[in-house]
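Presented sequentially are two complexes of chain A, the first with chain B as partner and the second with chain C.
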Partner chain A sequence: MKRLLGVALGILTAIGGFVDIGDLVTNAVVGSRFGMSLVWVVVVGVVGICLFANMSGRVAAASGRATFEVIRERLGARAGLANLSASFLINLMTVTAEIGGVALALQLASSVHYLLWIPVAALAVWLVVWRIKFSIMENVTGLLGLTLIVFAVALFLLKPDWGNLAGQALAPAVPAEETATTYWYYAIALFGAAMTPYEVFFFSSGAVEEGWSIKDLVQSRINVLVGFPLGGLLSVAIAGCAAVVLLPAGIAVTSLSQVILPVAEGAGKVGLAFVLVGLVAATFGAALETTLSSGYTLAQFFGWSWGKFRRPAQAARFHLAMIICLFVGLAVLATGVDPVLVTEYSVVFSAIALPLTYLPILIVANDPQYMGGHVNGRPVNVLAMAYLVVILVASLAAIPLMIVTGAGS
Partner chain B sequence: MTTARALAPPPPLAGRLLDAQLHLLDRQVMDNDGVPVTTVDDLELSGPALDVELAPGTPAPVLTALLTGPVLGTRIFGGRPPSSRLVRIPWEDVAEVGVVLKLGVGGGNLDATWVERWIRDKIIARIPGGRHDPR
Partner chain C sequence: MLRRPALTGPATDLPRRKPHRWGVLAAGLALAVLSGCSGTGSTISTAVEDSTSAIATARLALSLDSAGKLTRAATSTALDDALKELATSRNSVLKLSPASEGDRQSVQEALSVLDGCAAAMTTARDAVAGGERAPSLSDGGQQLSEAADRLSQLGAKDGGK
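The block that comes next holds the complex of A and B.
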């Protein structure tokens, strides 16, 4: 019974924890401009993140090594440092976007300007990282994030033409008013949002934090294989809401208030209350995960003592690094840069950095010295190689497409 | 390469053969309590300097220490810091070589952890709750 509860809790937090500011904004933008015609990308992205999150979890459980230790060990100091620089900067950008997201969500709930909320959000993130137990942090934000299911509820209440929506999703076509290059640019953005590398850093480090062994792998596999796809369904619902309400009205999403507009229309005030709680929880949870990920990547590369399971004094550099990252995020946001814009860029840069994270994991997951008898099976390797090709193509195409489309405008 | 043949034979192999690049460099180092100390940033070998002509019968170099600290920068960008600036963990302290290198000594007093100690004592431990056990 306790085990069953554990599995249920794991799945629920995986669903609630799947959606972050990147998924929220990108799905809404895509829904409002391309309807359901990019849903296939979410499917591809979710299968990919399941595959690689699972793999990094297995590496962590079998060898006790988290992702960035593995990256440094496999790539060596030079390529490892280049990888760290890119991954860390993109992660820092995501930290900034998430904290901005928390502030924007709080602005929607309180009408107090978001710039005033930013220090509050950053301080709250630090307090949780400093003080709260890892599992409590994960479960509370994950469960509260589940309130985003209201997007799916709102979609039903809006009584859309399901046949039309399914048609857009199953026979994707570039809408008449958009060009093929913007279509593919947003396909890459959506792919980056679904597969963000920090999820892998966080997932594997979390496995070490919670002391997983091979025994726990079954449960983690269920969490990932059930939780992430359901989280992906939530992403699709966000896009669906935007496609039903915003696309016909000709509103292209540029702010968080437009993201939740369809929920207000479909599910009324109650829906709005739920979606606000969900927004704050999802962005706050992701802000925690990205902040921790910035500490994890640095500490694991340089071999510092790290982890929330230790007293802060026993992981001093790890905690100091996170404090500095939060200050940098604060400083960037204090310039008044639009957090939604930061988000849109962060997902595309995430897509560019994907091969840096996923290739070393795939190599180590096949190394018997690390994995013992738990190396990848052949089907997993075939699928992972296919994904590597997709990831590489997306990564290489991202910058040219960004230039050609003027970042999707 | 006649000089190479004239060198003394390497010491007899006892146990495992380790590849410095594959099994030592860039691996995590843990102390005897399983607390991470550092990553192996470079290795120090005994023996002649780089461009010295080897005399016949010179003994093969021996691994003397794991290096860390600023040496990482020079490993990436080239050059070599003076010997007094190297942060060493003597090879005698290494107890076990596996996916990580385990030391047989505590990490608390090593030169390699002084930055960690300094940040702990001067900054982190002074913030309220810095010594609070999260578990």
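The block that comes next holds the complex of A and C.
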């Protein structure tokens, strides 16, 4: 019974923790401009993140070490540095976007300007990272993030033409008002949002924090293979709400305040209360994960003592690195840069950095020295290779498309 | 969203090399992209599109507020964001340097419509903020509706050019 509850909790937190500011903004932007015609990208992204998160969880469980630590050892300092540079910079951008997201969500709840909430959000992130147990942190934010299911509820309450929505999703086409280049630019952004690198580093480092071993592999697999696709459905619901309410009204999403309007229309103030709690929980949870991931990647590369399972004094450089990252994020946001814009760029840069993140994971997951009998099977390798091709194409196309489309404008 | 500054800079007297075919192609492409993005017509057109979206957001937020489906905090945040979007559009038009009389007229006309939109948005925001002499929500809605019509006419005119 206890084991069953553990599995259920793992799935629920995986669903609630799946959506972050990148998913919220990108799905709403895409829904408001392209309807459901980019849902296929969410499907491709969710399958990809399931594949690689499962792989990195297996690396952590089989070797007892975090993926990044193994990459550094297996591939050497130079390859590790390339991996670190790409992942860390994207992480830093994502930390900034998530803290900005928390502040924007709190502004929606209070009407106090988001710039005033930014130091509060950063301080809260630091306090939780410093003081709260890993499992409590993960479970509370994950469970509260589940309130974002209100997007799916609102979509039903809006009584859309389901046939039309399904038609847009199953026979994707570029809307007349948009260009093909913009369509593909947002396809890459959506792919980057679904496959953000921090998710795999957090997943594998979290596995070490929680002391996973081979016997936990089944639960890890269930969490990923059930939780992430259900989280992906939340992403689709966000795009669906935008497609039903905002697209016909001629509203192209540029702010978080627009993302919640369809929920208010469908589910009123009760729905609004749920969505606001969900926004704060999702962005705050992701801010914690990205802050920790920044510390994890740096500490694992340089061989510092790391982990929340250690007292802060025993992992001083790990904690100091996270504090510095939070200050960098604060400094960037203090310039008045729009957090939504930071989010939009962070998901595209995520897509650019994907090959440097996922190729090393694939190499390590095939090394019997670390994995023993738990190396990738043939079907997993075939699928992973196919994904690497997709990832490489997306990575190479991202910058030219960004220039040609003026960042999707 | 991404506004590119004009490419200006001091001339240098470095020895010139024969441009490579790829270099010429890249320069041509860059020029085409930049000129496509910074022309008077396209800037006004983008500003009208963005402002139409901002006005539509404000109208939706106001109607949800009137129906009791949105809190005042969420409504005022949505209106503030819409006003910011409108200000960005207006600034992009303001920065234009029209080369012909026709372009100058287009810029003037666009600025006049965008100013009207900003006034309507401010009325809506004041209505939401409330207070003794504040306009009513219906006044705000009415002004936003008129602003949307003017934007639509400007858009149609701009599209016809």
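One rule holds in what follows: the second predicted complex is superposed on the first by the 407 of 409 C-alpha atoms of A that agree within 3 Å, B and C clash if a C-alpha of one lies under 4 Å from a C-alpha of the other, contacts with A are read in each partner's own complex, and residues count from 1 in each chain.
Rule of thumb we're sticking to: contacts are C-beta pairs under 8 Å (C-beta built on N, C-alpha and C of every residue); 3 or more make two chains touch, one makes a residue touch a chain.
Keep in mind that what you see is a predicted model, and the values were worked out from it rather than measured.
Contacts of A:Glu265 after superposition on the shared chain: chain C is touched, whereas chain B is not.
When the shared chain is aligned, no partner comes close enough to touch A:Leu225: not chain B, not chain C.
In the superposition on chain A, A:Leu108 makes contact with chain C only, while chain B stays out of contact range.
Once the two complexes are overlaid on the shared chain, A:Ile251 sits against chain C while remaining clear of chain B.
Within the superposed three-chain model, A:Leu157 lies out of touch with both chain B and chain C [touch as defined at top]. Comparing the two complexes, no residue of chain A contacts chain B in one case and chain C in the other. By the touch rule above, chain A contacts chain C in their complex via residues 107-111, 245, 249-252, 254-255, 257-258, 260-261, 264-265, 268-269, 272, 276, 341, 344, 402-404, 406-409. The touching residues of chain C, counted against chain A in their complex, run 1-2, 4, 33, 37, 46, 49-50, 52-53, 56-57, 59-61, 64, 68-74, 76-78, 80-81, 84-85. Those residues of chain B that touch chain A in the shared complex are 21, 25-29, 35-39, 41, 68, 72, 75-76, 99-100, 115-117, 119-120, 123-125, 127, 129-135.
Contacts from chain A toward chain B in the complex involve residues 63-65, 69, 72-73, 76-78, 80-81, 130-134, 299, 301-306, 308-314, 316-317, 319-320, 369-370.
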